[in-house]
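Next, two complexes with subunit A in common: one pairs it with subunit B, the other with subunit C.
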Partner chain A sequence: MLAYTLKRLLAGGITVWFIATATFVAMHQVPGDPLMNDKAVTPEIRKNLEQKYGLDKSATEQYFIFLGNMLRGDFGISFTQQNRRVNDIIRDHFPVSATLGLLAIFFAATGGVLWGALTAIYRNRLPDIIIMFLVILGISVPSFVFAALGQLLLVNINSMLGQSLIPVAGWGTFAHMLMPSLVLGLGTMAFLTRLMRSSMLEVVNEEYIKTARAKGLSPVRIFFRHQLRNAILPVITVLGPQVAAITTGGFVVELVFAIPGLGRYFVQAVQQLDYTVIMGTTVFYGAFLVFMVILVDIIYGFVDPRVRLE
Partner chain B sequence: MKFVLVLVLLLSIQAANAEVDATSVDFDSQTITIALTQEPPQLNSMKATDQVSIVILSHVIEGLVGYDRRGNVVPGVAERWEIDDKTATFWLRKDARWSDGSPVTAHDFVFAWRKTLEPATASEYAFILYPLMNGEAINQGKMDSSELGVFADDDRTLRIEFARPTGYFVKLTAFVSYFPVRKEFFDKKGGRYAADATDLLYNGPFRLTEWTHSASLKMVKSDSYWDKDNIHLNAINADYITSDTRARLNLFIDGKIVHTRLDGETYKDALTQRFRIRRFSTGNVFFVEYNHRPERITRNRNLRKAIQLVFDPNEMVNKVLATPGNLPGISPFPVWLNGVEDKFRREYPAPVTDIDVEKARELLETARHELKIESFPPLVLLSGDSPTAAKQAEYMQGLLKARLGLDIKIDIQTFKQRLAKMTSGDFDMVNAGWGPDFDDVMTFGDLFASWNLNNRGRYNNPAYDIQVRTAMNSSVPKIRMDAMGELQKIIHDDAVILTQYEQGVIYLMHPKLKGVVRRVIGADPDYTRARVVK
Partner chain C sequence: MNNRILEVEDLSVEFSTYGGDVKAVRGVSFAVTRGETMAIVGESGCGKSVTVQAIMGIIPMPPGRITSGSAKLDGNELLGLSPKEANEFRGIQIGMIFQDPMTSLNPTMTIGDQIAETLVVHRHKTYAEASRQAIDLLEKTHIPEAAKRVTQYPFEFSGGMLQRAMIAQSLACNPSILIADEPTTALDVTIQGQILELMDELQRTENMSIILITHDLAVVARMADEVAVMYAGQIVESGSVEDIFYESSHPYTLGLKSAMPSNIGDRDKKLTPIIGSPPDLFSPPHGCGYFARCPYAMRMCEDMQPTNFSVQRTEDHHARCWLQHEAAPAVAEVSQSNQDKDNAG
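Right, the complex of A and B next:
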């Protein structure tokens, strides 16, 4: 088991190195100049800026300096916020994205399982048709539409009540998190609903359900003890990568709801060609995703002996 | 179990309510809440360039002078001053204090101005200190910063030597790059200076007490500010940071923020909400800049004149931009600039262009012969990636095709890439704009001088340069303005650029908040002397 884990970790390390290298190369291919701004500066100032960020060196040199710093866990100083270290940016803002993401996953998982089970029970009847229609919407409508609609809904509720029941935007309290995490989780919820539905329908035809019925167990007991517990397994399997995807993919939601998450830095850094922040966030997110996948693999190793033998 | 969870959920919503119920204005505590469009990237006054940082800085740090609500210069840290063609002297008030209790001295200005000009600081706004003797040479690394023409004769007397007569110098000192910085504090903080709320010293009407990056900032009235009796607000909370205009409109509707700017889309929603929509001229001018480099066909004057003759700025303002507040662009010098005694544009009216398609086609034909080409290749119009910029580019494309039969290839690029292409000259025309850095015609006048690094079309005309130098080396208003009037003529006659519009913005402001000042230069909006009424 230890050897298996080590092997997986080594492969993960190589993956992260590959991500870093690919991002580095791609970033330097993007046309444009990270040091250029509205006001033109004198050649001397430009030279100083290039020195400060090491852009006066060749690309290969820059790459090895970057790799060395990365191994020491230092991503350098941001280009746009010239007195903030990228490490500080990640440290300050990732917890926000993570909190939001975990709550979103909570909504997505409970909602997905609930709706999925419901559609399976009412297969091909009206509730199933309605929910599956909503699921298609949830999968195909982009999150910025949901974000805008969700916020508008809050504004209307608040104006109807004549007081602010739930904040429209901002960050700080639990109430601030409700709508954005719901919006963020919608896509995943829809995806999980479909997964849960098909999984439930598969389980229904299993021999052990028939046996349970034959034994004369109550339908409620069959549903919870036998059907749901077995059908939920595939949902748990996909949750790992989904957690990573959701905690990293909140750019639009963070923007609309004025949330100080890392997703905003991740996207804006690319727009502003903020080299150090691009590298820092990409490598960090990459490593996070790889870690989640490894975690699932290792858990598999415990659950399924066949995996260990490979 | 589930019941408990629901209960906890409800309770936490209730608990949260106590905090979130704060509204955008509060009369009793004289507190307001605002939204920022982005996290201030740089609160080091020596390096700040963006509007958000400048707004925050101008509330918490004070320079030698400030502006009143009509835009007149009023005393700040300096209580009086004298200025002539060669020197200026500022006498500092004795009750100006930093937030650590120490007095604001002339040395703090000397330190900040030297530091800003040092190439190692890499300040993008260093050029604004070039009127100081040796300023430009220091910035180019040719001289040590101790040679700068600014001296602290004693703690409260600041003496300045000019490189050239600068009649508008006093106005310059209201700008953030001229703000004082206390050396001891700066050195102590090292690279962390201005990184957090505790990494800055304050001498302005407010102090930054909290700064949660990308989330919120809190400014609280300073009890050591010399004019605190005339400051009414006790706190300005910037509780929201988002560039999403719709989110900010929603916050405004929900009574959470006092001010939001509207764009083409949110404008319609604000109308249906029956809010009072206010207008403000930003002072920025937008234009199409031509590439004058020798290898480009846009160097041909007749081609540029032909385009000028078919373009109607009124149509651009009314049909393309289609939000209130913008003015048709008929001159690179916007209407608000001051001339000798009156507004510049009243004293020196902009040359008028009458639309004349026939003549334009003739000129185009002449241009074709002069350039010795069979037909015109497609012209590349470089443009930003905002919806408005794209709309403008498409309008130009349609217009020039319909009226002149010219093909335009639109090249939409993100901000940094557009800048890179502008600088390297990879365009025929580019959608550009210019905003004023200081309150004088020169902030627009020298833009197309051959030595100006921001002259990205590389326009080079000795007659133009002469007029700029004349205005630079004189302090007589009439001589300077006459020169600027000539520049206005040259830009029109030579069709150096195609002016399109003077930018206006529309915005919402809470009706109970009075005394907020909108400014063309410096902090905008300025809440310093605002107050909440009942």
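Right, the complex of A and C next:
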């Protein structure tokens, strides 16, 4: 198990290096540079700035400087935000995005397993049809629509109660997190519901369910001890990439709910060609994704004994 | 004490599908004698598995439906029970093992837990007690290092070992009947022999009845006391194992026998298949189901369902064939009760 984990971590490190290199190359292929946005830069100032930031060096040289710094855990200073270190940006804003994302994943996973199991039990009957209709909505309607609808709902509830029970936007308390994480997790919840449903229906037809019935076990016991655990395996498999997708993809939701997450900086940096911030956030998110996938694979081993020995 | 532990009367099972109702089992009756082995033999799709699954109440309903019949275990009706009532006998009085041991055990539970579960549920034991008993059960089925094996998962077992574990699991509550649904079909021949030997041994030590479902006549000859031959959802011939093999009274039984390879005689001799295929059970024929494939078919066989004739040579030997009618012509290969009379006359 330890050897397996180490092997996965090493492979993960190589993956991150690939991500870093690809991002670096792609970024330098884009026309323009970080200094273009500044108004009326005289050639002299431009030269001085380029010298200061090392932009006058060749791309290869810049690449190795970047790699060296990255290995030391230093992503450098932002080009567009005065004297702000990329590490500080990540440290200040990633925890917000991560909290939001993990809460969203929690909603998505519990909801997905619950609704998926429910639709499988009520297959082709009214509850199944209703939930599957909502699932199609959840998958096809973009999150900013749900975000706006969620806010509208909160406004109505608050005005009906005459007090601000759950804040409509902002960040700080647990109450702030509820609506945005629910909205953020909705698409994934819908996706997981479908996955769980088909997985449940597959497991019901397995021979070992027939064995369990022939053993004289109650339907409730069969459901919880034999069906659910086996049906949940595919859901866990996709959970890793989904965690990363949600934590990084929360940009729109963060914007609508005025949440100071990392997503905003990520998008801004791309628009302004803020090299260091782009590199920093991309590599960081990439490493996060890789780590999450490894983590889920390790968790998977605890749920499915067949994976453990390999 | 009644010597018949299980009596099945006129059992019919249908399945609703998009194409219509499949009449999978059509009026099956048989009885199992205490401490003996009853074999149900027939080709794929003849309804042998559906018959025993209907008795166990593990047919998915819908689409399945038991349209008529009764099954009495020691005089108590088994059909039409609620799941709760059915769990009073499933796993307790009747144990069951299946065709493919590789897929018949839960892949995410240890072997020990799966055996112990039966005891925890039915005998209200703690998991610790039940786990200890699980080791004894595995030893009873001759699994070496049972104490270590209980903590392992199904994927760490070989096919033969898994079937032994399945048997151990089904024996947990000392059932009076073990239903074995093609228990050796998925195993290779040497393992097959070992499993049959084990079942034979356990039958003697545990004094239980076995219902053995198979399509392998060699297995029948080795294991069975009584045999029921099924074809197209009906039992076409039933009797003692000697009756079936030496006094075959239904052309289908004869066909099965001649399709069997033999190690005596001419090795270059080709096997004789039964030409054709079984009838469509969406709309079963009015007459005999075997009519289209039967070399001895008569005109009446097409339109009239044969009655279940008693072949009066021995007790309890029955054949569902018009050749057993006293007016039927004598056929050399088929044992007929009226043959002696014909020969004499």
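By our rule, the second predicted complex is superposed on the first by the 284 of 310 C-alpha atoms of A that agree within 3 Å, B and C clash if a C-alpha of one lies under 4 Å from a C-alpha of the other, contacts with A are read in each partner's own complex, and residues count from 1 in each chain.
Keep this in mind: a residue touches a chain if its C-beta (ideal position, glycine included) is under 8 Å from a C-beta of that chain, and two chains touch if they have at least 3 such contacts.
What you see is a predicted model; the values in this text were computed from it and never measured.
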Contact breadth on subunit A, by residue count: subunit C or subunit B: B
Touching partner for A:N230 - first (subunit B), second (subunit C), both, neither: second
Partner chain in contact with A:Y208 - subunit B first, subunit C second, else both or neither: second
Which of subunit B and subunit C A:A117 touches, first, second, both or neither: neither
First (subunit B), second (subunit C), both or neither touched by A:A244: neither
Subunit B versus subunit C as contact partner of A:L195, first or second or both or neither: neither
Touched partner set for A:L184, first subunit B, second subunit C, both or neither: neither
First, second, both or neither for A:I105, with subunit B first and subunit C second: neither
Subunit B/subunit C common contact set on subunit A: none
Complex contacts: residues of subunit C adjacent to subunit A: 53, 56-58, 83-84, 86-92, 95-96, 98, 100, 103-110, 117-118, 121-122, 153, 155, 166, 169-170
Parts of subunit A lying in touch with subunit C, wherever the complex brings them together: 206-208, 210-219, 221, 225-226, 229-230, 303-306
Subunit A-facing residues of subunit B, complex: 9, 12-13, 15-17, 19-21, 35, 39, 41-42, 44, 47, 49, 119-120, 122-127, 139-141, 191-195, 199, 212-216, 239-244, 246-247, 250-251, 253-256, 413-417, 419-421, 423, 453-454, 456
Of all residues in subunit A, those that touch subunit B in their complex: 30-34, 36-42, 44-45, 47-49, 52, 80-84, 89, 92-93, 96, 148, 151-152, 154-155, 158-159, 163-176, 178, 255-261, 264-265, 271-273
